[in-house]
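So, here come the structures, one by one.
Here subunit A shows up in two complexes: once beside subunit B, once beside subunit C.
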Partner chain A sequence: MTYDVIVVGAGPAGSSAALMAARAGLSVVLLERGPYPGSKNVYGGVVYGRVLDDVLPGWWEEVPVQRWVTRRSTMVLTGTQALTVDFRSGAWGQAPYNGCTTLRSDFDGWLAGKAVEAGAQLVTSTVATGLIREAGRVVGVRTDRPDGDLRATVVIAADGVNSLLAKELGLLPKTDPKHLTLGVKEVLSLPKDVIDERFGVRGEEGVDVEILGCTRGIAGGGFVYTNRDTLSVGVVVSVDGLAKSEVRPEQLVADLKAHPAIAPWVQGAEVKEYSAHLIPEGGYDHLPQLHAPGFLLTGDAAGLCLAAGIWLEGVNFAIGSGLAAGRAAAAHVLGGAELSSYRKDLESSFVLQDHKRLRKAPALVLSDRVQQRYPQLIADLVEGLFTVTNPTAKPGAISLLRGAAKRNGVKLRHLAADGLAGGRTFR
Partner chain B sequence: MGGLVVALLRCTDLRAEVDPLSGAITREPRTAALSASDAAALEHALRIGSAWGARVLAISLGGPEVEGPLREALALGAEVLRVATHQSYLEELVADEQALARALVTALAGELPDLVLCADRSADRGTGALPAFVAHELGVAQAPGLVSLELASLDGGETELLAERRLDYGRRERMRVPLPAVCSVEGAGVRLRRASLPASLAASGATIPVVDAALVPSAVRVVQARPARPRPRHLPAPTGTSRERLLALTGALLSHEPPVVVGPVDAPEAADALLEFLVHHGYLSRAPSGWAVT
Partner chain C sequence: MTWDGISFEDRMETVEFRVGERPHIVVDSDICRSCTTKACVTACPANLFAPTSDGGILFNYEQCFECGTCYQVCDSDGALSWTYPDGGHGVVFRSG
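After this line comes the complex of A and B, so read on.
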């Protein structure tokens, strides 16, 4: 039997694509290698669900939420110092909310359930091992099950970062350590009331902390997210930088947990889970070709994760691109539209608009100065501002900045140039 | 030969979380799966069923979470049946294997299977008594704890069922199993086959037949549930007088070295002191090439 659409991977991108295609009335098979959707998936912890407003109205009433993020902190750490910019919003704790912490096994299962309700057939514990191609067109997939070939008009690869299907078609390079980061994470168990007290939240309120300067100078950053009765604590670092440093990733998580600003949060917690996963961070300038005859590439498989310093948003981008892939497949099967309409659809949506606007962000944020010099420079500056030096009079801010820049080997013109570049990147 | 082979399957969360302090168990319905022994029971049922040309019926008692593994059995060509019950009654039944056996046998609606296969013990509770109770309810023979179960050909095209099970001290017992029988198997020797993709697709949308569990009154009433306590180890009876035993325990009259206070010292000196201590007590030897554990 030939299906209209085969979607490989029941992550957020795959389930969204399957949902959209099934809603259009197509016959859809959603293949997942894990025993259930989300069983194999790793991420930090926050999903921004507004992308679902039109597709699943009132999604927030049923999404399997751990906590609604009402407090967002950005931290700069050095060996012994910490500077935090902390923001809280009551609005983020009410419908339609902003972001929520949720566990992937819950969230992915919920979203895949929506695709199944719409008519998609989910088959788990099944690995797509390759593509079936005829006359230059993808016409199906091979799987590891007996009698496992399956044919379809469109194959949507939503198999996540390092997509083997995209590599088979030559859409992705064989290896690409420069544009990949490695995320490692521990889930730490603590009673809910202890988390509430330590993070200053109540009920379903949660906290998202993004951290710079906690990775021993390896390009990257760290995070702490509050779940109901667990914390997600981890780091994301450049694969290239990590290999060169010869530091083991779990040492970086151990460092982070031992930092004087973080240790009180995690004290007494028990490690429940340790996981690691790659993240595509190439950004707009390194996106692969997103379609081939009979084939669409979506979510992390297409490198559509937005990693731009203070933002690490992959799930909403995976959902946004998955929905567009489902729409493009439906338009192709039902009306003969070209699959290239997928890219156009993405260009007109937040998915590629944000990527395009922030195209310079990955290089800037992962640059040596931002990673290795500025955290210490900023911390020194702030320490200088708040250290009372009596009986000596207070130093001026400019002289403090000069001193901090000099001590950290930063020239003021570099500072100005990076400030300008930052302004342009994030304008 | 025809007939009916039944696989009684327990689907449970194989990675349930146990709170180390309270012993509270958190089960995830979506991770309900067959244990290795349950999977072996199903595989034996499929093999023997196909050799006999018999119907294979996979039965599991529980909520909708057992439908995943039942769908897998369906994709492998078995008929399936979910025996539905509400959670509190399920807990009662699981505590009382006789009542559980009665509920499962009642679900067969009077049909007498030629062979019933199940796991030697369930992954989560596991006294291993269920197969015996099922055999009792059906009034048939039982062969518990099998590591292998094979069909041997006899003259005239007939077959007989040969089973093997472990005995103590590494011995094995080979048995000829008279039919009908209940056989419980260890998760050994066979691996559950994988369903083909077309069959998995067909099973993914199929409706699983459900019957309500017969409300069999349970003879066991759960008064209190506590964390499992490991059985005490068997210790040899003490020898000697109580005075001698106390002396041996405390080492009171033996010569011993008093504790040595080292330090305060810095880390390298402390490490050296520790190494000295280990060498002195014979745990380490100082080899020319470095340290070696003795």
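After this line comes the complex of A and C, so read on.
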């Protein structure tokens, strides 16, 4: 069979690419190795849908939402302490909304359905086992179906973080444990009214909690997201750090659930599903080459997850890059434009602008002091501020900071340097 | 091994696997014998790598998340051959 475009992987990137290519009138096949879109996919929990406004107007009326995130908390945990910065917005609970929790088996299927409505052919339970190449150009894929070779003018690889197709072309290194993290998640069942009560929300309102300092010093963090009648709770840790720690991943999730600040939220909840997935967190400085003759790389396969501390976004970057890949493929097939227009398109959109601006964030966020020293330092400082020391007079804030820094092995010049680096990184 | 009141077996029971006939990951235990770290044993979130008494590794592909952690942490070239399960097989996440 011959198509204009083969898209490998019906996740958010692949379905977005298929949608744009099909809308441009191209013949498109969308391959998915799982029995349904989303069946191989795991994420934390939140989709930020603004990227869909232009392509699927009013998407929020029909997206398979669990809850709309109206409350965001950032927590710093130590063994016995917790500091939370908590923000709520009424605006996020109304159209056009900001972010929603959704499950990937629902969301990915919904988005793939949009590609199918636009004319793409979705073929599930089919693995693209390799590329067909002729004269230095990708001209198709081999599949594990009988007589399964498919040919196309453009192959779009949206085959995820392990992209075997990009590795076959040498665009991705075979292994890269320093720039990958492992996400481990439990979905926990609780009645909706119990979740509403414990998290202080109502109706379709939901909460997004990001956590630093809960991973035994292994670079990473934790999360809690509210779904309708489940919670998604888990940790994300550096693959390299995890391997060296010899700590088992589910033990880190158990630690988080047992923390005095988290345990009351998850008390009595039953594990509904346990899951794990790799995340590409290298950022802009470790992006692969995004195109080759006849070939485009998009979504996680292209390393386009934004892991920048307070911003942890992936699905929106997958969609943004997938849409651009679909547009580039259409311009190539219909007008003979170079596939390199894909990179230029991404550079002019939020996808690479955000990544470029925050290129130093992954290293800073995962650095030793941020991970291993600052959570305790900050918690000690705040505990010092709020502990009433009568009859001794209150210590000054600077004195408390000096004491907390000293106890945690941090020199004030390091604090100043990291503060400056943070300022530059997030400017 | 029990953490948090749920045994690892019960934890894995929550996940659906449509087990294919072909093992999609194959471990060359001869190579593993010379490996000093055996990082796969602790890092695999599905706990599928078991050290054997002769210093090798026993691997069970049936409850694999297909996450790729094992080959990312593997120090021994050629010890792991890693592919995806055949189409429609392997892990099927419902709440990913």
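To be clear about the criterion, the second predicted complex is superposed on the first by the 426 of 427 C-alpha atoms of A that agree within 3 Å, B and C clash if a C-alpha of one lies under 4 Å from a C-alpha of the other, contacts with A are read in each partner's own complex, and residues count from 1 in each chain.
Note that in this section a residue touches a chain if its C-beta (ideal position, glycine included) is under 8 Å from a C-beta of that chain, and two chains touch if they have at least 3 such contacts.
Computed from a predicted model, the values in this text were never measured in an experiment.
Asker: By the touch definition at the top of the document, which applies to A:341: first (subunit B), second (subunit C), both, or neither?
Answerer: Neither partner.
Asker: Now for A:273: first (subunit B), second (subunit C), both, or neither, which partner does it touch?
Answerer: Only subunit C is touched by A:273; subunit B is not.
Asker: Does the superposition put A:121 against subunit B (first), subunit C (second), both, or neither?
Answerer: first
Asker: Does the superposition put A:35 against subunit B (first), subunit C (second), both, or neither?
Answerer: both
Asker: In the superposed arrangement, does A:367 touch subunit B (first), subunit C (second), both or neither?
Answerer: A:367 sits against neither subunit B nor subunit C.
Asker: If you tally the residues of subunit A touched by each partner, is the higher count for subunit B or for subunit C?
Answerer: C
Asker: With both complexes superposed on chain A, which partner does A:349 reach: first (subunit B), second (subunit C), both or neither?
Answerer: After superposition on chain A, A:349 lies in contact with neither partner.
Asker: Looking at the overlay, what does A:74 touch: subunit B (first), subunit C (second), both, or neither?
Answerer: neither
Asker: Quick check on the superposed pair: does A:161 touch subunit B, subunit C, both, or neither? Answer first, second, both or neither.
Answerer: In the superposed model, A:161 contacts subunit C only, not subunit B.
Asker: Which partner does A:105 reach: the first (subunit B), the second (subunit C), both, or neither?
Answerer: It touches subunit B and subunit C both.
Asker: Shared contact residues on subunit A, subunit B side and subunit C side combined as an intersection?
Answerer: Correct list for subunit A: 35, 39, 105, 126, 143, 145.
Asker: For the complex, which residues does subunit B have touching subunit A?
Answerer: My answer: residues 20, 28, 30-31, 33, 68, 194-198, 200-201, 204-205.
Asker: Using the touch definition from the top, list the residues of subunit A that touch subunit B in their complex.
Answerer: Result: residues 1, 29, 35-36, 39, 105, 109, 121-123, 126, 143, 145-150, 270 of subunit A touch subunit B.
Asker: Subunit A touches which residues of subunit C in the complex?
Answerer: 3-4, 6, 8, 10-12, 14-15, 18, 37, 39, 42-43, 45-47, 65-69, 71-74, 83-88, 90-96
Asker: What part of subunit A is in contact with subunit C in the complex they form?
Answerer: Going through subunit A, the ones touching subunit C are 33-35, 38-43, 103-105, 124-127, 129, 143-145, 161-162, 164, 174-177, 180, 182, 184-185, 187, 227, 230, 232, 239-240, 242-251, 253-254, 257-258, 271-278.
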